[in-house]
Amino acid sequence: MVLGARDLADVFSAMAEAMASARDHLCELDGVIGDADHGVTMVLGFGAVRAALAEADLEAMSPSDVLGAAARAFLNAVGASSGPLYATAFLRAAAQAKGKASLTAAEVAALLPVMGEGIAFRGKGARGDKTMLDAWLPAGEAAAAVLAAGGSGAEALQKAAIAAEAGAAATAAMTPRLGRAARLGARAVGHVDPGAASAAILIRVLADHPAVAR
Amino acid sequence: MVLGARDLADVFSAMAEAMASARDHLCELDGVIGDADHGVTMVLGFGAVRAALAEADLEAMSPSDVLGAAARAFLNAVGASSGPLYATAFLRAAAQAKGKASLTAAEVAALLPVMGEGIAFRGKGARGDKTMLDAWLPAGEAAAAVLAAGGSGAEALQKAAIAAEAGAAATAAMTPRLGRAARLGARAVGHVDPGAASAAILIRVLADHPAVAR
Amino acid sequence: MRRSWEETVQTSKIINSGDRVIEEMLDGLLAAHPRHLRRIAPRAIVAASGPRPGKVGLVIGGGSGHEPTFVGFVGRGLADAAAVGNVFASPPPDPILACARAVSGGAGVLFLYGNYAGDVMNFDMAAEMAALEEIEVRTVVTTDDVASAPIADRDKRRGVAGNFFIFKAAGAASDRMLPLDAVERIARHANARTHTMGVATAPCSLPQTRRANFEIPEGEMEIGLGIHGEPGIAKGPLLSADAIADLILDRILEEMQPARGDRVAVLVNSLGSTPLMELYILNRRVRARLDAAGLEVHATWVGPYCTAMEMGGASITLMHLDETLQPLIDHPCDCAMFRVG
Amino acid sequence: MRRSWEETVQTSKIINSGDRVIEEMLDGLLAAHPRHLRRIAPRAIVAASGPRPGKVGLVIGGGSGHEPTFVGFVGRGLADAAAVGNVFASPPPDPILACARAVSGGAGVLFLYGNYAGDVMNFDMAAEMAALEEIEVRTVVTTDDVASAPIADRDKRRGVAGNFFIFKAAGAASDRMLPLDAVERIARHANARTHTMGVATAPCSLPQTRRANFEIPEGEMEIGLGIHGEPGIAKGPLLSADAIADLILDRILEEMQPARGDRVAVLVNSLGSTPLMELYILNRRVRARLDAAGLEVHATWVGPYCTAMEMGGASITLMHLDETLQPLIDHPCDCAMFRVG
């Protein structure tokens, strides 16, 4: 029921696979309101994380080390908007996990609000801007609520995934205020934000991963 | 039964209309084995001839003058391959018609071999090269044969039109030796030469024109 | 109705692998222009003329796919370095930092790039890292695209083909050894006086997906699009060249509010596949309109200066010249893909 | 299966009327480049630097749609004048003659243009007319396209992007005040040592019809095409950039038979819509192949130098340099769309 460095690396690897499967779908979403590259960027980023972790000496690493390595690999592979946003999220998670040899599912769930805050800090965004924050922030709140009510880590993550999915779906109705889509204004209404869609997939991968669900 | 300057101008005007109707078809043919512009070029050329003759004082002009004016207008409007070829054909016809105030249908039919020779001279071509000569040369021969056998001018022109149409159709089987299509070699086989196709249309317009058929 | 990607054909690109296009492009770039360019890191290109002590270093950069922007504008008299991102994606902080280090001549470094969320975040992170190394960095983002936000939100606008003039002015200022304050001020001033708007007639596609990133139905165009194959602000029927020039100039001149006798520099830019013939046809009308407005056209550039790979369409940029900007636009520069003087 | 035109969509062009594109393009061209170009007749463009007494006049020209070829190569150190035809159609004799008159400085005039039936007929008629006016005219036709006929029929080949190098060499020779004999000889020599081959990935369309002039099915390309949207010599599967470079270089090097240590100049040319990114990826392989063959790359140009409007595809040209040609390629020139030195 606890996650070590290797488990975290497995989660990242599963995320890389999920992004590869969703690549064209995410690009298509981005094509409607952005520049059609979001799937490519996410594949590149998580692919780089997987590659970096495959080369790393996981035995000698803490979960925090893995998150830090992921941040650097992601950032340098992609740049773009997602690079700094996810790198900041991973770095904030790494800071929170600092000093722990492994994480419980509850501790993993507690990373979600921190990651969302990191994204909001880096991108100066908020809920309702029609960005990935509309998946990350509800996910973080849902996880925190379950944990505060004494629920399990696994349950917190499941609720987070559901909240992220609902949040992503809700972006369709929003008028964008940040990122490329902001210039489209009302023309973007009716379309799901690609960054929110990919965030919901990532959180779902985490919640359903055997390492936390078992 | 005789053609004056105005009748010849009417024939050119009818040719311009025929080229306008055939424009896209000729471009399509040229698209297969050349650069897709033959219809545009012919419309431009005959349009310029029509415009020049519309401005000219036809009362003061001989058939030869009309043919000379057509040559200059055509050449300067189009350049291309067709420009020098048709300009030379019209100039040769003008030379043959020199000194006559009007032309009989037989005299008009007798221009065809001369025009074909002009085209062959200018383009250094021959029958079987898969060019407009494969319409013009058979047309000229057919007209000459009818006239030599004592047939009427109208009949000579009808036979010429039929020979031009057959000649144009026969270019499909030929391997090109001149013009842009020559570089395609065997790839051009199976496709009618656009210049031969337009030539057959022009000769048909002439043969069926009320000024010679009446 | 938008068709899904499965129903569309893949575009034809002359590449080896969608994942290697940037590295391979840079290999070919360096092979072609050894007298102009040097590569100091996988994604960092600097001018072969090198940094000069006491000169402000000018670092530009952004996503790839806009060539000759940005790498083509690195050279003596213009930018000192360009950081190179993936297609339509900001470079990460590392190559930006490598550029800053390489061009720092002790007089500070100016980061100058188009206003996109990704670029701002990555360049800002690089600026923070440079500060730790005692390199003074200032930042100016370009916001010349009048279609991308109302004038009241000028600083939310994106930077597009007008980069060309803004980079040129800042590069000339730094080549004249002006101090960092002045180069920064000039870059802001150049940006404030540069206005661009464009239309698109055909989409582009990413090398990795090779799918058209939007559809433009026959007889329509996108109005006010960016340089990443983003859809425009609006769709409309495909207008004539003159009507397109009018549409754009009406908007630009209304904002620019020039006085009769003022001078402008003109850029008629291809987004990629729109050929020179069409650009010159646009320029004909641009010139007639500027003449009618009593403006003097000081210089005109026509061609593919800021592209979105093979996207079809064009943009028109006017820089409203003054005594500061005109000599900077005329100042000589010698880049791999652009020269003046 | 070829679809008929009725079944295909019309292409989007930024024009006013298909029938006015040439005049309007030239209006916009002259408005953009007053320091470089002058128009002496509706379809005749001469260098603003004017003819020089005793200098051989160099007249180039051909159909439009290849911009920057031909008008972009008029200027000091390169061509003195260009006669402008309709799209993909030779100019008629009149503008060619007007050019010959305008650039004649008493030392004779060289007509230099690509080998197409139409151009040969029109330029020959103009040469005959010029002779009547006591202007001595020599003619050299370019035949650099190795794909268009076997080597035994070299003089049947067409002239394509290699014009760039051949015009450059002849223009430099005339700028150095060499006599007509020498300029003619150098043009022939330059042509003999220049080899080009291209592939197409997308068709183009005429402004008057706006119909794609051929179809390239998904995943295929045309090999050995010309610069008029003519179909190629063969069709084949769309290859990788490296395989395309190899296909072309194998053919060119086999003909060129260079010795190790020989020098070449390289042109990687876009036919229109193929962006710089893809050209540089091609150049990467070109360079690797030339390095492997022990050849020294003296200079490389990459970009849209000889186009077929918006056609997709690229060509590669090698000029096999020698002591005569190398200084001529390096010789300065200053044209509206091209500069050296």
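Letters A, B, C and D name the chains as they come in the text, with residue numbers starting at 1 for each one.
Here is the rule we use: a contact is a pair of C-beta atoms (placed from the backbone, for glycine too) under 8 Å apart; a residue touches a chain by one contact, two chains touch by 3 or more.
What you see is a predicted model; the values in this text were computed from it and never measured.
Asks: Of all chains present, which has the mean Cα position farthest from that of chain D?
Replies: Result for max centroid distance from chain D is chain A.
Asks: Could you tell me the distance, in whole angstrom, between the mean C-alpha positions of chain B and chain D?
Replies: Once rounded, the distance between the two centres reads 32 Å.
Asks: Could you state the distance in Å from the CA-based centre of chain A to that of chain B?
Replies: 73
Asks: Quick check: how many Å separate the C-alpha centres of chain B and chain C?
Replies: From the centre of chain B to the centre of chain C is 53 Å.
Asks: Chain adjacency by touch: line, ring, star, complete or other shape?
Replies: Contact map by chain: line.
Asks: All pairs of touching chains, please: list them by chain label.
Replies: Touching chain pairs, listed by label, come out as A-C, B-D, C-D.
Asks: List the residues on chain C that touch chain D in their complex, please.
Replies: 9-10, 12-17, 21, 24-29, 31-33, 64-65, 67-68, 72, 199, 201-202, 207, 216, 218-219, 221, 238, 240-242, 244, 266, 268, 272-287, 297, 300-304, 307, 309-310, 312-314, 337, 339
Asks: Which stretch or stretches of chain D touch chain B in the complex?
Replies: The contact residues of chain D facing chain B are 2, 4-5, 19, 63, 85-94, 116-118, 121-122, 125, 147-149, 156, 158, 205-206, 208-209, 211, 213-214, 226, 228-231, 233-234.
Asks: Provide the residue numbers of chain B that touch chain D in the complex, in ascending order.
Replies: Residues 23-24, 27-28, 31-37, 39-41, 44, 75-85, 122-123, 178-180, 182-185, 187 of chain B touch chain D in their complex.
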